[in-house]
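Next come two complexes, and both contain chain A; in the first it sits with chain B, in the second with chain C.
Showing the complex of A and B:
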């Protein structure tokens, strides 16, 4: 068989080629470049699946350095480009290319058929977005990951602001860019700190910074690292981990940097699907997974992650309860669901987090694409109170959307149930062994389950059930096959994707049927995954020198049943409140609480105040100092330099005897100095 | 690699032999039609010869001739000539510059009455420069220096009807003669003290207590070399010569000739006068530190106030000599010698391309008949976007912005000075680089931002000059990603020389 690893680079490079092609020739291409994007992402998907197959059949992990910028013993740091494809990366590559493929296809209906202009720009950005994310996923070192992380941010800026002639999108794009950039500053400092501490930023290999850090802390090994500011080794590792976490919090829209994500709904809906399910937002969480061995060393960092994650899961769910626009509800649900993943990572549930990332990618892409179909049908009116009764008028959209909602709400046996259960179970297991912070996170997460089911089915009832509340809803615009096909694919996957890790019933089916766990532990592989396997991560987590987590063995059935009951309570609540042909807006009864929630706890206002009330005066003061103080000095230096330059220029008289004299004098001066210093006489 | 084993030892002189035989071939070609020079053939022969020299140097260098895993340096003529990594590295630099300059000369000197002489003088000078790198005895070094210098004087004055060119040639010759005298005097003093001229023998003869005569010789030799690399205070000839000389000749002298000066400084001061042995009498590391700082500072500040672009570049090239001097000035023993020296060599390699490119752009403007002042460059960006882009790349790379190899090579020099605990050198490097950004940017601004004057009209796009510019630009850019390889080669070559 041909070795698939000979052309794994192409997984990302083919979308890049598509980007260049569309950028140059887009206007003359069929469907303005959509075909090229579909072909490229389809190709990436095929190769990714092949890679997964190859790894499952016992292929080796692929790790190769492609290009070195700077290296050498004398320099002390190593900067390079390289590829790392292990089970985690292979899984992520598959998800990203699958979602990107379906989004491209859906765009045919959403953008082309609607006669949008500027499609060349749209498809070029979409291809670049896919490329950046795929390259980010298979980066083998932190610096390369950072570069593509930034490129992902740039592409989301371009796409969120796609309709730049309106007022909303450019401002939302700027906000997304600036808020994530704020987090990325910390990430950048973190990258430099990693390089300064370990001299390398590689994720894998014998001398990766993760292994080096483990060896430093592990008493049975010896390793080397530099620490700064007089901090201890573990404390410094925590500092680095938290710096990198800054970028994660920004990109994955975690509290308090989540504010950009709901605004990002201004972009075209397929783009939202891509951003939420597989690219931009997923990048943050993926980064933590990629260097999980490093995070596992620091109990402080893990607790912070768990707390941020749990709190965000709950906090975002409350805001989703009162939103009136379809996509706004979905946006807050994304924030909330990524909170679950962070909770799982902080709680030591690596497998659970990966699992939830996978299922979430599927059902959230589905929900967004379904919402896109509804939006097309409703002529771009997104207010759910103007909908209703769409169930019978768009059955395919309804049924697939319902599947996605069941998955999101965590109802048995849909995909979301299994993964959310895994997240909560693993957190609980570690929390019960004397980690109160994890229990707090678990509490938040469990409470959010109720809210999730409630707001999800509020959304479903308002959109699809009851009587049509406007004329558009009476007679929605039909959608084409190119929109239905992605919905059906994702709908089926939402129903069955849980099969890959049926953790809640493992007592009946046995450990061996937990495919995802085996996959991440590398059991199906001949080659040892070593430091990259879930097993190794658990080993580190449970070591005393690292996080020191312990596992309380409890039957997964109990927590699973609890999660289901909580979800059913939320579902029941939604049925009770919003059933019937004319649902009443119950949320208005919340009064001032609703106003608070509608205004997102005034966090946006707070951030604006931070910028205008605090930063701007500070900046003005700094500017004043800069104008008078610094510039004065600089200008002074400039004048002095110019004057000196004039003088030095004058040395050159043009008369050759002067030169000879000066040259000889210079020599004599040298001789005198040396003679006196060296004591020649 | 293996087939080379069958070649005789003298074949190691290949680059020099290729150059000198091409010089004679050019004479012969010229004899066919002495009255109307056959431009294409002359340029073709010269280009072939310089390419052959470049190819040979690169091949030998990559094959590892004369390097550690080859079994050490190849010694010829009873050890008076030596071929090792260092000499091949510099042969590569010299012949690369020669290739670019010959390409450019095809257009520049086309129709010149003494075209053949220009080519053969360039080839002869290049032979001298390559031989300087192979010298292992003071006599050979001196002769090779003169072989490089005498044709250079004539080249500077080759525009016989141009007063500036002739005046510059004369001044260059006079100062050159003075410096050669100082060098010869220094060599004779060393001979008096040690009784030998061959490098190894001189080193062997250095006893614990080296006397004043010997020390006097060392300082005079240092002054002689200082002239060659145009370090302050032996630099006075450089602004005049570079400005008066025809563009390609300025490019050749400021890049290749400087490299030849440096190779001898590296070899003589590191190998022949080992710091440990002579530091009590002549602390040459400190001397180089002082010279490096003074050179950088005076040159860059003087460049600030220049109105003519070529003269400004002349000062910038003096300033770069100051940067490269860090390679010897930072040999305090705190940092690994091969790293420090290798950084300087790598900077010379990058500098060879970006500086030659910049001077060739000046040659192009001279060819067009555009004036020499900065204002005369106004609006060149719209008239000749390609050439102006290449020039922008060269200037920014010279300034050390991360657009060409100049960024990384300066970074390595900075690292070298920091490692060696000579912070002052690093500070001088950084401050002067900042100053240099100012005057380089003036040219870039003139080309791209200012409105062109009305009579500016550029029609011709000379093939040779454009090809040379393109080649230099591509190399300057490629040396950014490819710098790792260059510095590795340089370090390997330097390892053999450093103790």
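Showing the complex of A and C:
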């Protein structure tokens, strides 16, 4: 049998080739390069699935150094490019290539059929985006990950600003770029800190920085690391973890750097689906998963992650409640759902986080593509109050969108229920054993469940139910098969993807049926997964030298039922408020609270103020000091020289006799000095 | 009869001073050239005098070099004076002041 790992690099390289091809020849290709993108992502998907199959049937983790980027001569640091394909990476590769494939397909309907111009640019960026994300996923060290992380940011900039002739998109693209770059700045410092501390940035292998760090802290092993600023070892590990977390918070749109994401809705809708479901935003959370063994060492970092995540989940959900544009609601729900993943990671629920990432990728891509179909049908009007009644006019979109919404709201038995339950359960289990911060996070998360169901079904009711409120909604534009096919695929997956880890009912089906857990623990592999397995992460989490979490064994049925009840409360609320043929805008009753929520808690204004009110005056003051202080000294030196030079040059009279006199006087003077010094007199 | 060294040195010094005086007060470039010759020869007198005093020929050899140098200097100097005359129609050194600040 052919070993799939011989050409596993191609998973990312084929989309790269497609990028080059489309960039050069896109205008002459059929469908302006869409075909090449579809073929490339389809190929990546096939290889990824093959890899998954191989790992599931007892393959081995693939870890290979490919290319030495900067060679260190014994003392220095070696910078390498390499591949690491473990169960986590394989799963993520599959998700990314699947979503990218479907998004390419959907784009045929969304972009080509609508007669958009600039399609070569669109498909080239899309391919580059896919390449960057796939390469990021199988990076085997932090530096390589950082590079592709940045490339992902660049591509999102290009795609969000795709319609650069309008006013909104360029500014949104710039904002996305700058806000994420602000976080990435910390990430870069973190990468340097990791290299400086451990001398390597590898994720896996015998001498990965994660293992080194574990050995340093573990009393039964010995390890070495450099610490800086006189901090203790654990404190320094926390500092590094938080620095890297800066990049994660920026990319995964967590509070307070989430502001770029709702603005990013200015991009084409398929791009939004790609950004939100599989690339870009997922990159941040994936990075934490990739180096989870490292985060597990620092209880402080974990608490901060859990708190940020829980708070963001709740905070973003409140804003989603009042938005009127379809995509805005989805944008805030993305922020909120990534908050759940962060909550799970902070709360020690590695499996839960991966699970939620997987299901979220499916149902959020579905919802965005569904929204895209609705937007096409509505001739690019996104206001939900102009819709209504689309249910009977676009049944495929309605049913798939409904499945996605049920999954998002966490209704049994859709995918989102299982994963969200897993997130909350694992957080609760660790929180009940004396971790009050985790309980706070759990509280936020549970409250957000109600809000999630409420805003999701507000969206569904306003968009699809009731009577049509405008003429466009009366007679929407039909959508083609190329838009329906991705919707159906994702709709089916949203309904059934939960089966990979039915955690809530594990008492009935047994531990063995939790496939994702087994998968991440490396039980399907031939060899040992070692330090990358979920089991090892839990071992570290529960060690006293690391996070020191303890597990309170509670039946998963209780919290599962609670999550379901909370979701049903939200759903019931939405039914009660927005049912009927002419729903009233209930949210306006919130008055000033609504204004606050509509304006996103004035965080955008606050950030603008930070830039114009604080940073700009500071920069101006610094500029003034530079101009007058520093430059003044430099210029002063110059003008003193100029002035004295102007005076002294008068002695160059041009008369030879004067020069001779000066020479003679100089000689006499010299003689006199020698005489006086030598004591001749 | 030997002449004491001091007398040579006094002679040399007075010739040197005469040369220096010439350089400082004369205006004609030819006088300049002559004054410079005087100063060079004052140095030569010193060299020869010390050579005689110490019974060492090195000084005299150096004096020969000095003479050769003086000859070369005159050749160049006369050339400069000719150019000076061509450009300024006289050889007054205080007139040729275009090379100043």
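By definition in this document, the second predicted complex is superposed on the first by the 622 of 681 C-alpha atoms of A that agree within 3 Å, B and C clash if a C-alpha of one lies under 4 Å from a C-alpha of the other, contacts with A are read in each partner's own complex, and residues count from 1 in each chain.
Please note the rule applied: a contact is a pair of C-beta atoms (placed from the backbone, for glycine too) under 8 Å apart; a residue touches a chain by one contact, two chains touch by 3 or more.
In this text the structure is predicted, and so the values were computed from the model without any measurement.
Undergrad: Considering only the touch criterion stated at the top, classify A:642 as touching first (chain B), second (chain C), both, or neither.
TA: In the superposed model, A:642 contacts chain B only, not chain C.
Undergrad: Comparing chain B against chain C, which has contacts with more of the residues in chain A?
TA: B
Undergrad: Would you sort A:622 into first (chain B), second (chain C), both or neither based on which partner it touches?
TA: neither
Undergrad: On the A-aligned overlay, A:675 touches which partner chain: chain B = first, chain C = second, or both, or neither?
TA: first
Undergrad: Under the stated touch criterion, which partner chain does A:25 make contact with: chain B (first), chain C (second), both, or neither?
TA: neither
Undergrad: Regarding the shared-chain residue A:666, is it in contact with chain B (first), chain C (second), both, or neither?
TA: Touch status of A:666: first partner only.
Undergrad: Return first, second, both or neither, reflecting whether A:652 touches chain B, chain C, both chains, or no partner chain.
TA: In the superposition, A:652 contacts both chain B and chain C.
Undergrad: Check chain A for residues that touch chain B in one structure and chain C in the other, and list them.
TA: 649, 652, 654, 656, 660, 664
Undergrad: Looking at the complex, which residues from chain C come into contact with chain A?
TA: It is residues 20, 23-25, 27, 32, 93-94, 96-101 of chain C that touch chain A.
Undergrad: Under the touch definition given earlier, write down the residues of chain A that touch chain B in their complex.
TA: For this pair, the touching residues of chain A are 67-72, 74-75, 641-642, 644-646, 648-649, 651-652, 654, 656, 658-660, 662-667, 670-671, 674-675, 677-681.
Undergrad: Can you list the chain A residues touching chain C in their complex?
TA: 649-650, 652-657, 660-661, 664
Undergrad: Taking the touch rule as given, give the residues of chain B at its contact with chain A in the complex, in rising order.
TA: Touch list, chain B to chain A: 170-171, 174-175, 178-179, 182, 211-212, 215-216, 219-220, 222-223, 227, 232-234, 236-237, 239-240, 280-283, 287, 298, 301-306, 336, 339, 408, 415, 419, 435, 481, 484, 487-488, 491.
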